[in-house]
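After this come two complexes, each holding chain A, first together with chain B and then together with chain C.
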Partner chain A sequence: MSDRTVDRVAQATPVRVARKIRGLSDRAIAWIFISPTIFLLLAINIFPLIWTIKLSFTNYKANRIAREVKDVGFRNYERILTDSDTWLNMQATAHFLFWTIFFQVLIGFTLAWLINKKFKGNDLWTTIIVLPMMLSPAVVGNFWKFLYQPQIGLFNYIVSWFSGKDPSSFEMLGSVTLAPWAIVIVDTWMWTPFVMLICLAGLRSIPDYIYEAAEIDRASKLRQFFTITIPMVLPFLMLAVLFRGIENFKMFDLVVQLTGGGPGSVTELTSINLKREAFEKWRTGYASAYAIILFVTVFGLASIYVKALNKVKQR
Partner chain B sequence: MTYSKLASASAIVLAATTLSTKANAEDLTLCWAAWDPANALVELSKEFEAESGHTMNFEFVPWPNFADRMLNELNSGGKLCDLLIGDSQWIGGGAENGHYVQLNDFFDAESISMDDFAPATVYAYSTWPKGTPNYYALPAMGDANGWFYRKDWFENPEIQAAYKEATGQDLREPQSQKELLQIAQFFQGREIDGKTVYGAAIFTERGSEGITMGVTGALYPWGFKYENTPGSYDMEGAVNSPEAVEALEFYKEFYKTATPPGYTNSYMGESLDAFKSGQVAMAMNWFAFFPGLYADPNTGGDKIDFFVNPPQNQAGSTLGGQGISVVSYSDKQDAALEYIKWFAQPEVQAKWWELGGYSAHNSVLEDPGFVDSQPFAGDFLEAMAGVQDFWQEPAYAELLLAMQKRIHDYVVADQGTAQEALDLLIEDWTETFEDEGKL
Partner chain C sequence: MSSFSVTEPSNRSKWIAGFLVIAYALITMIPLVWILLTGFKSPADAISYPPKMVFDPTLEGYVNLFTTRTRQTQEFLEANPPQNWADEIVRQYDMVIVGPSKFGERFMNSVIIGFGSTFLSIFLGTLAAYAFSRFKVPLKDDLLFFILSTRMMPPVAVAIPIFLMFRNLGLSDTHLGMILLYTGVNISLAVWLLKGFIDEIPREYEEAALIDGYTRFQAFYKVVLPQAATGIASTAIFCLIFAWNEYAFAVLLTSANAQTAPPFIPTIIGIGGLDWPAVAAGATIFLIPVMIFTILMRKHLLRGITFGAVRK
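Presenting the complex of A and B:
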């Protein structure tokens, strides 16, 4: 059947075109097919990257086109890497990254494990749980700002109900110690469902017969959990961590809405600082160097992680 | 017959006039911040539309995003705005980067004299380099940071007695920064009409310009200077002078002891909300909002009064306000200049003030009835006599963001001392001026 279809297509090809195509090698035809993609990739990804690298060695400012652009060598890199504020931003990002991933994996996996149990209303609960991730980060940022409001915020009232503290005695977004945790809580609330869905896919991919065999071998539930569930879900979990890690390294909108990087600079993540340098201060050369440093960091960490992920998959 | 001929001729002339007007009619877009005076300008501009045949469109952007949005528009050579009422600090960048049309020839041709406008506004909103007769804008909206308070609370005998008992002084409009703080601390956490109220709403916003505009309200009265010698960029000893350190410590104390809880990232909107909801006894904000505040049915009228930013070592208010410029990328510059010519007329300026805009025209400000025309008019005049503005350099955004960071780090985030914050600010500003080739 398929041969006949191929024949029909071949016969339908105009003779002139057929002659031309016959003159091309398989490799040439392959290049013709992939060249639009390669062109787009070069235009959208590679060229801007090369251009950014070039700009990172200059004092270029995009808002001062008339100004002479000077080559400053590694000065931008030197400034960034020796600036204590850069390292504070990195620390804030690392804190945010580590704790959001930790809580999202912990809670996400637990929720997936519970949802995976067959019970009445299972689908409804799944829908309710995934609702936060469907909202816009700007909306989430804004309404959590209200929830954290010390005088009228529901969050403060709930904490005060449990702790007996006056609701306006603490400020989640205004306190240097609490603000980094405030943004962790909101991101965890929003993105735990994503991790849960990935874990759920992992849990549902484990064939029942493996558990049945373990039951026959009289393996305890705990043993089954650690020797069947965890190892089989691990690649999915690692994938979720990779996605969330990359996303949160770039985190911008949610935190800007919540704290604007404050109080002071305690929640000023690297992406917020980068945006300020590039599009508020217009230090394009400096910001390009900053972007390259971040790119190398993410790319390096992601490469190491993907290697580890592949090893786990091969096991 | 004669009548019908006359009527026909009139109709033809009318049609021709209409057609010719239509042929030259342009769709002009004026860009500004989204706030009360912008609505007044829409109303005012209807007269221009009727007179000129041009159509006015408006692009109003909320304050927190105004600079971002408009500076991006200018930097990309965008044609969105034909006219821009840009912040005073943008004048250097607008002039040096070629975003604004220089207006000298136009002013000369149309006999528009800058002597007709308040000198402080001409200096701040129109000239670049500062003080030179190179004009890039017409003063459009005079403004400064001032204060308003709950007059009904201040006049309440019980509250007055309590204040006297607590401080030994009469409760009145503060005559100094320290008295301002004392009053704010008195109200902090006090029960009034069964509700806990707080001292004052001040600016603490981190992202755009908020905390800088707020803290300069303390720095200027203490005698803060940006440079030892104007134009020399020698900041050591000026920016971090003992007076500046004291003023910064004062602002932090104000924030810590006399503002509502959670007031960590607040600017104009939050200040207005805090006052209108009856949360605070006093609030700082731009004079531009005062007409709206006075008209507020709940906290306006007899319940509100206004005062100029109190002096300390000297009088000093933070300058707000803007000039109106023609954007050099506009294809409709002639029509835009027509608008400026129309706007500069004394009678239009008088109506501008009447509608709620702050005219900077001498014919309005020097009118004998001006001081009594609004309850805040006298304060406005007093404030404008002592205004100071932030750097207006082309690199102003860099300079501003550095100050936002250093001040917020110290005042809100409790990092370091006032001296360290100002020392670090000098380092940041020095780096910027070195990059600019000015040091």
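Presenting the complex of A and C:
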């Protein structure tokens, strides 16, 4: 033990006072810093979730407070899972998910690959391409409704200019066959830049020396593309797909503004159906059960996502 | 870069790539340019066939966006000459301006709720991110995953109990309620992004400060915070853009008092569905701030949209 004055003073100081002098312990600070966040998340996310689970076993209607609330067991869940409309909504959602991701990956990757050729001014054009993604989907979706107008809309006009069809002969939002594609087009327009940016990061992470080595080994450009570029970008692409998958599974604002779920219910995605049950028909108990089913599905996607995310991070 | 590099694309492929990317960029801008143009058209020009590229610009859309108007008799119009240029514009439809519209109010709601929730998310998020970055926290990974997983819930699913909870607490359709709600949604983004930024600040700075006799708190706000300023600013912009654009909660949980602009703008359309210039004017005013922020943020964009998973 050393005999410096400082040490002797330190030993003589009672623990409580010493702590006051040095400030709080690290552990205490950690909890003071983290607990407000956790508390807020419990209040805004977890408490409502537990409440939803509770409500999902009742026939509660939020617009009739006076009505007696009865416990109905699993009947809400049974009715949802055996209802053929539920499966139609799921199919509409699956169609939307599959095709938006397909087009976004295809166009997004191609754009990233082209931008990575580092032509002059690529930064500027990348920034311009990215703009739609950052805008409010509700406001933009509402305006696309105008572009899709049969007679006066710009979209119909441009299509008719190229195809020779009469611009009032097809209704993108009013036709049962076209409406599911109308929402795919707008979502692809909006979110392709997202996939593009992530792919671009992937492409830029590939070190030059790998290509140089392949060149020395006389691998063809095509071969390099399939054995170097694609495998190296794949983790990034997967990340992009999972992000888009989760986001589009939750899709609400854009499609509500464009079609409101119609015509009929061909674009009625699960979130839109849920909104109808909960806030138009006010079947709170039934809608709660529906919400839980959706949550379990998304949570499944989320855990896959986190695993993929860790994989990308390890690289 | 050496001109002999085998990885440098040839000039020809650069040209082709540049041409295709620019073509895509121009096509993708059409809807946005159309919003801007429609805002300066008269209602008749906006719905003409074929769509007009060249037209006489007018501020009618903007006047209609900010005012409420009523139709008046000829005698009344003759007795009351127009006061200013806005009056002149509405006179051509035999109308007079009777007061402001709700747009200004809705826009201010967006500003208040956006900035309020951003401030709160950043305040709480910075503290939590610092703790996660620097201290041993039990179950750290689980807590971080929990924080992220709250973002996976479809907003409509959470809206049901939030609606009931706010009704019981008297928070329905209030600014405070929406600020708390958006903070609850944004905080996951704030914690994840800020943790990434703080992780990048070398610990040695703080350790030096602690040895110099600073307490942890002092080291935190005198050493770490200034270093993290850029990260905090970009995180704040991402939180702000989210709150600014949010629609689902806003349309389900707000109405007369705290409604923000996104649920309001589509309702401008009015009777007969003719007032697209006013809708476009509202959209233009609402979208331009986000575009400016996006251009300012372009270096951190990727990080922001992937919760810090991809850093470039």
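Heads up, the rule we're going with is that the second predicted complex is superposed on the first by the 256 of 315 C-alpha atoms of A that agree within 3 Å, B and C clash if a C-alpha of one lies under 4 Å from a C-alpha of the other, contacts with A are read in each partner's own complex, and residues count from 1 in each chain.
Just so it is clear, a contact is a pair of C-beta atoms (placed from the backbone, for glycine too) under 8 Å apart; a residue touches a chain by one contact, two chains touch by 3 or more.
Predicted, not measured: the structure shown is a model, and the values here were computed from it.
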item	value
Which of chain B and chain C A:59 touches, first, second, both or neither	first
Partner chain(s) touched by A:279 [first = chain B, second = chain C, both, neither]	both
Which superposed partner A:150 touches (first chain B, second chain C, both, neither)	first
Contacts of A:180 with chain B and chain C, given as first, second, both or neither	neither
Touched partner set for A:171, first chain B, second chain C, both or neither	first
First, second, both or neither for A:262, with chain B first and chain C second	first
Chain B versus chain C, judged by how many residues of chain A each one touches	C
Set intersection of chain A contacts, chain C complex versus chain B complex	62, 149, 151, 153, 256, 279
Parts of chain B lying in touch with chain A, wherever the complex brings them together	68, 71-72, 74-75, 93, 96-98, 205-207, 260-265, 394, 397-398, 401, 405, 408-410, 412-415, 435
Touching residues on chain C, where the partner in the complex is chain A	5-7, 9, 13-15, 17-18, 20-22, 24-25, 28-32, 34-35, 38, 46-51, 124-125, 127-128, 130-132, 135-137, 143, 145-150, 152-165, 180-181, 183-185, 187-188, 191, 215-218, 241, 244-245, 247-248, 251-252, 261-263, 265-266, 276, 279-280, 282-283, 286-287, 290-291, 293-295, 298, 301-302, 305-306, 309-310, 312
Interfacial residue positions of chain A with respect to chain B in the complex	59, 62-66, 148-151, 153, 168-169, 171, 173-174, 176, 256, 259-266, 276, 279-283
Chain C partner contacts - residues on chain A that touch it in the complex	22-24, 26-27, 29-34, 36-38, 40-41, 43-49, 51-52, 55, 62, 107, 111, 114-115, 117-123, 125-140, 142-144, 146-147, 149, 151-154, 157, 167, 189, 192, 194, 197-198, 200-201, 204, 208, 211-212, 215, 236, 239, 243, 246, 249-250, 252-253, 256-257, 270-271, 274-275, 278-279, 284, 287-288, 290-292, 294-295, 298-299, 301-302, 306, 309, 312-313
